[in-house]
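Each of the next two complexes has chain A plus one other chain: chain B in the first, chain C in the second.
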Partner chain A sequence: MGLQDNIREKGVLGAVAAQADDVFTRLTAGIDVGEFRRMLQGEPPGRPNPRLKPHSEGFLLHIKPTYYHESVTRFTHTFRLGLLSTYLFIVETITGILLMIWYAPSPERAYTDMILLLTNIPFGQFLRDMHRLGAEAMVAIVTLHMVRCYLTGSYKPPRQFTWFTGVLLLVMTLFLSFSGYLLPWDQLAFWAVTIGTSMAEAVPPAVVGETVNLLARGAPDIGANGLLRFYLLHVLFLPLLLILFFFVHYYKVVHFGISLPADEEEVGEDTANRVPADKRVYYLPDVLVDETSFMTVINTLLILLTVFFFQAPLEHIANPQSTPLHTVAPWYFYWLQGMLKIADKFIAGVLMPGVLLVLLMAIPYLDYNPSRRGKDRKVAIVAGIVAGAVMIILSWMGTPEYAVQGAPAVEIVQDVMPEEGSGLSREIGYKHLPLGIWRTDEEYDVHDHEFNELLHEFNDVVDFYRRADPDFNAPIGILTISQDQPSLKRLNWEITWFDAQGEAGNYEKTFWLHEDSIYWEQYGWKHLFLGYVSDGWKSLSGALVGE
Partner chain B sequence: MHRLYTRSPIAKIVWGILSSLIGIIALLMVLVSENPRMEAQTINWQGRSIENGATLFDNNCSRCHGPSGQGLVGLGPALNSYYFFTPTGRMKDIGWVGSLEDYVLLTIAAGRPSKAGSQWAEVMPTWGGNYGGPMRGDQVEDVAAYVMNWRGSALAQTPEEDPFRPFEDVLQSTEFQNTAFILMSEEEQAIAIEEYKALNTRSPQEIWANEACLGCHNLSLAQADDPGQNGPNMADLFERAGSRVEGLTAEEYVYQSIVEPAAFTVATYENVGQMPQTYAEKLSEDELQALVAWLLDPDREE
Partner chain C sequence: MTVHQDLRRQQDWEVPLPVQPGKGAEHRETSRRELLTYVWAGTLAVMTLGSGIAAYQFLYPYHRANTFGGKFYIGAATDLPLVGSEPQANVDGRFWLVNTETGPRAFSNICPRSLATGPVKFTWDADRNRFDCPVCGTKFSREGHYIEGPAPRSLDQFVIEVVTGHKVFAKTKRLPEEIIAPVVPSPEAKILVDTSKIIEGFARMDSPALRGSSLKVVPGELSA
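Let's look at the complex of A and B:
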């Protein structure tokens, strides 16, 4: 009907209202204002259900099911872990694209770009912290999603292939996270990735392993080519691959429906797609409201964690000539590092992960037990728990706690003032390090509480190694703090001891600390943030009142 | 278990709105904090750069420049020095027009591969990777940041404390390459220079050779008619000087032309680069007089 006819029939106001309603209906792909109001008021839909229209007319909703079984919408059934993984992928994409604006993948620029991002870009640190936290959270959430599906037996027929694509998505998530690891081009990145790629070298025969390694690194050692390759993997290849498999995975989820809690159907049956009318929860409006509010809460949680509690680490610039004392993989590969400590590179780095991967993918085809009920799956659940426990133990073995003790004197200095990262000395900072000579065999009456804590820590760790190592007797730790330059203190750590034969040993390590340097730990309360807020607020309110 | 899960859509919407507000407040806090945070981060990374530079200096540079930059006799000059840091010191003496930081950066990166005019036992090695040295660009910058961080202590030095030892590679006489000289007033400096010059009078021949006069002026009588590309031939000056400018004797004319080269430019040389303006400062009165007499002497010894 033309506008003029409309006005003639309904008057100007009526015509405008009708036009507005029309626009609203188009925007919502089929829900008019009246229906929207009824949704908000919680009234049931009419018959036929007018709220199904956006699923068939709109692009965004055509992939979502129109209704779910009431039982699978309970939070404790899925914990919304799949949705959460998707959400985190979107967060990573958005923050990642923004970070790409200030990043060039070359060894000459990458690290400088990181510092520029932190020093000169408003919200630069926020973006970086959020991207890093999101990546770690995504690995954790995708893994938990898999654990949930394993424990509820959701991989069983007909969902075998859904599980298979899920395992692929987990692998891609791990690789995405790991490929991003190299990009800051700091010591942490460089050595973690050097170790990671060196595992590929163990693939037999040697020529294949070397070729794979060469392809990944772009040269015998990681350099400009390797960085470019990891960058392209991280920002292009892996995300595209992940998006493809995400849609395959999600299509399968929608196609078969989310499996019901096992107790609600007969063993061997799958009734997820035969939902009785009284059990249906429609996507519009109930599930949409639920998912949107859930994601909003999670989003706020992620922002709060980023703003107050998480800082992406940035160590010294990558230096191929110097390996830091305790080089560690990212935490989600600790288990791999743990295996590498007890088995050789081929078995631990190639064979075991390969077998594990094939085994994971094959679970639905190996597990012939038709029941998804916990009491019928004792073997599977116990096996799962044992596997989880083994992973945790291996992960613990992957940390420097296990089997990589260096010489006691080296470890002592590493404890109080590590080569990379913070350590107590840098944490208390320049102003709490009084000039002088401080020995562990003497008592000092120090009024500075923070420095006192450092002296105690120094004493304790020297004492710990004295008791732990028979080759480390009568040790004395001497810390000499001197003023090297204006605003620059020199910390010389000296450890002397006698070995079992009574021969004297000596170890010295020197570090410098500048007054303005801020060192931080990756996790924990960002204690400087509120100070920045109050400083910023002072100058802002000063500018507002026109001072 | 069912209790964990809220069914009411209104409660969910309220949760959503409340958490959005909290998120927005957190982001506003970040927005407000950004300027102070970026300032703190800027000086943080400058501090870290100095720390890195300290390690590099300790490993590579302290062998010649001393562990605290005080220099070592015969090996390397002092860097933690008033003379080195003040703009009227070393920078002025070598005629460097850029910043001291640029000078330090360039010297570390490129080194001093030549020993010409140097009194040091070894050359300053080339450190920058771009010039074939062992350090990456960021390491050169770190070392420069560390050296520049001596500014505060260097500028607080008294002349007695300044460990600087003079260079032999600059025009400024080694006598005046020190903090005590820099700290004098201009009049005092002029007197000191005059005194020094009076004690160290050079012959006209020495001046002619060492002050680079012969680079532009020819003294060969055989080529007296050849005007020379950069400056007039001076072989027959005794014939021309008296008649060049009305009211000036030959001596006055030549003297004036040396201390103030722009006074009477020969027409054909107006577009050529000017004669240096510094001879009035560099030459003592006695030297000037001797030089003028020598130039006007038809039978001068070369």
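Let's look at the complex of A and C:
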């Protein structure tokens, strides 16, 4: 009906209300205000169900199923892990795009940009921490998602290909996370990626391995070209590929439906798509409200974790001339590093991961057992648990705990003040490090609780190696803290000992710590919220009054 | 509980439905379910708004220290030119740093007259102890006050911050009658010139150094 007719019939206010209702209906692709409120009030839909319209006419919901089986909407069936992975991918995309604003992928600038981001940009550190935490959480959640599907046998027919694309998504998640590793251009980044890419070198024959490596690094060594290539992989190529496979994966999920709990259907049957009318839970409004409220809680949790409990590490600027002690891969590749310690580069670095990947993808095609019930799948479940245990053991072998122990004195200093990363000394911070000479063979009456903790740790670790190593007798640790310059303290760690033959040994290592160093201690909620919010308010209110 | 579970329960208990489906919901009171949904939606909206404000701050351009538009670190108070000595030119910061009897001041080195036509920089005339604009010929005193010439006002000043410890102790302030230079409490206090904040000089009629006192208007008289 035309506007003029409307006004004639309903008056101006009535016409405006009708127009508003019309706009609302268009925006929601078919739900008017009355229906919207009836939906929120928990009333049943009319017939035909008007709430199906947004699925058929709107773009955003066309991929979502119109209803679910009641049993799969139970939280403990899926734990919403797939939704959570998608959510984390969106978080990564948003924080990633924002981080790109203050970042240029060149060795001359990348590290300085990181420092500026951490020190000069409001919410810079917050976004970086959240991006990093989100990336690691995504790896974990995607893996858990896979474990859940394995344990419930959800990969069985007809969902073999869904599982296959899921494994591809896991691989892409790992590569996405790993390719982002190089971008800060610090020691952590440089050496993790150097090790990672050199694994590709083990692909036989040698010429192939070398070529793969050259293509990845853009040069024999990682430099400007390598950084640019990893950057493009990270921000463009891998995300696009992941989005493509995500839609393939999700289309399959919707197409076949989420598998029901195994006890609810006959062995060999798949009734996920034949939902009896009384078991239907419609997406609008129940599942939608459920999912958004779940996301709100998760979002809050992610923000709290980022602010209070997580700090993305930033080590010294990349130095190709010096490999730091205890260089490790990211935790999700510890298992690979563990294998590399005990086996040949080709076997551990290429063959085994390759075989593992193919096996993982082929599980649904190899497993001929038609039953998804736990009691019929003892072999599969035990095999899965054994595989998980092996991964955990290999991962432990990947840590410096296993077979990378240096001399006791070196390890002691590495423990209290590592070459890279924070360690207890840097964590307690500049102002908790009183000047003086502190020896492990003497007792001190120190009132500073934090420094006391450091002295105890120093004592304990010296004592640990005294007991563990017969060549390390009567050790004394001496920490000398002096003020070298204003705002700069010098920490000199000295360890003396006698070996089994009674010969004296001595080891010294010196670090400097600046008053403004940003380690955990300097980074609290007070700084983040009160500081930034008040600054932000000042600048905003200033802008509003035209200052 | 989902809508459908709710309905089924009602059917099981043979409770009559409160209303016919699809009719008249908009005229009834807000139910608990509806209210809860609004609370969720409100929480999401607040989160989105918060993210928007954070993103605005994150995107807002910043100026690095010691580049024009940012803060210039002059050093400790002892690094200031002595009171009565020649002004120091800071080319990058586009200001003249002067230590006057009333305190340190940083004058924008652009003549107020030429702002309309382009950034012409005035110079220091050591012989006559004043600033001269080489283009329009306006003269200003060491304190930045207008003396004579076509410029419309006294020299513009950047805000100087005096920092003790980690706190701003004092900074240049504009009062109705004059621009107050910050107090320097101790020789160790750090001096910063914030080139993002400029205070315009007073109109030439208000200048205490004005030639021809007949034109001079005592500030405050007009308003009084």
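Here, the second predicted complex is superposed on the first by the 512 of 547 C-alpha atoms of A that agree within 3 Å, B and C clash if a C-alpha of one lies under 4 Å from a C-alpha of the other, contacts with A are read in each partner's own complex, and residues count from 1 in each chain.
Keep in mind that, in the parts below, contacts are C-beta pairs under 8 Å (C-beta built on N, C-alpha and C of every residue); 3 or more make two chains touch, one makes a residue touch a chain.
Everything numeric in this text was worked out from a predicted model, so none of it was measured.
*Asks:* Which partner chains sit in contact with A:16 here, chain B, chain C, both or neither? Use first/second/both/neither.
*Replies:* The answer is neither, since A:16 touches no partner chain.
*Asks:* Mind telling me which of the two, chain B or chain C, contacts the most residues of chain A?
*Replies:* Here the partner covering more residues of chain A is B.
*Asks:* After lining up the shared chain so the two structures overlap, which partner does A:7 touch, if you call chain B first and chain C second: first, second, both or neither?
*Replies:* It touches nothing on chain B or chain C.
*Asks:* Using the touch definition from the top, say if A:286 reaches chain B (first), chain C (second), both or neither.
*Replies:* After superposing on A, A:286 lies in contact with both chain B and chain C.
*Asks:* Going by the contact rule set out at the top, does A:33 touch chain B (first), chain C (second), both, or neither?
*Replies:* A:33 sits against chain C, while chain B stays out of touch.
*Asks:* Report for A:317: first if it touches chain B alone, second if chain C alone, otherwise both or neither.
*Replies:* A:317 contacts chain B only, not chain C.
*Asks:* With both complexes overlaid on chain A, does A:296 touch chain B (first), chain C (second), both or neither?
*Replies:* both
*Asks:* Considering only the touch criterion stated at the top, classify A:120 as touching first (chain B), second (chain C), both, or neither.
*Replies:* Touch partners of A:120: chain B and chain C.
*Asks:* With both complexes superposed on chain A, which partner does A:171 reach: first (chain B), second (chain C), both or neither?
*Replies:* neither
*Asks:* Mind working out whether A:325 is in touch with chain B, chain C, both or neither, as first, second, both or neither?
*Replies:* Once the two structures are laid over each other on A, A:325 reaches no partner at all.
*Asks:* Can you pull the chain A residues that chain B and chain C both touch?
*Replies:* Of chain A, residues 40, 42, 120-123, 126, 285-286, 289, 292-293, 296, 299-300, 532, 535-536, 539-540 contact chain B in one complex and chain C in the other.
*Asks:* Okay, in this complex, where on chain A does chain B touch?
*Replies:* 40, 42, 74-76, 108, 111-112, 115, 118-123, 125-126, 285-286, 289-290, 292-294, 296-297, 299-301, 303-304, 307-308, 316-317, 484-488, 490, 510-518, 528-529, 531-533, 535-537, 539-540
*Asks:* Which residues of chain C touch chain A in the complex?
*Replies:* For this pair, the touching residues of chain C are 2-8, 19, 21-22, 25-26, 28, 30-31, 33-34, 37-38, 40-41, 43-44, 47, 53-60, 62, 64.
*Asks:* Residues of chain A touching chain C in their complex?
*Replies:* 33-35, 37-38, 40-46, 70, 73, 98, 101, 116, 120-124, 126-127, 278, 280-282, 285-286, 289, 292-293, 296, 299-300, 532, 535-536, 539-540
*Asks:* Show which residues of chain B lie in contact with chain A when the two form their complex.
*Replies:* It is residues 1-2, 4-5, 9, 12-13, 15-16, 19-20, 22-23, 26-27, 29-38, 40-48, 50-52, 54-55, 58, 68, 136-138, 146, 149-153 of chain B that touch chain A.
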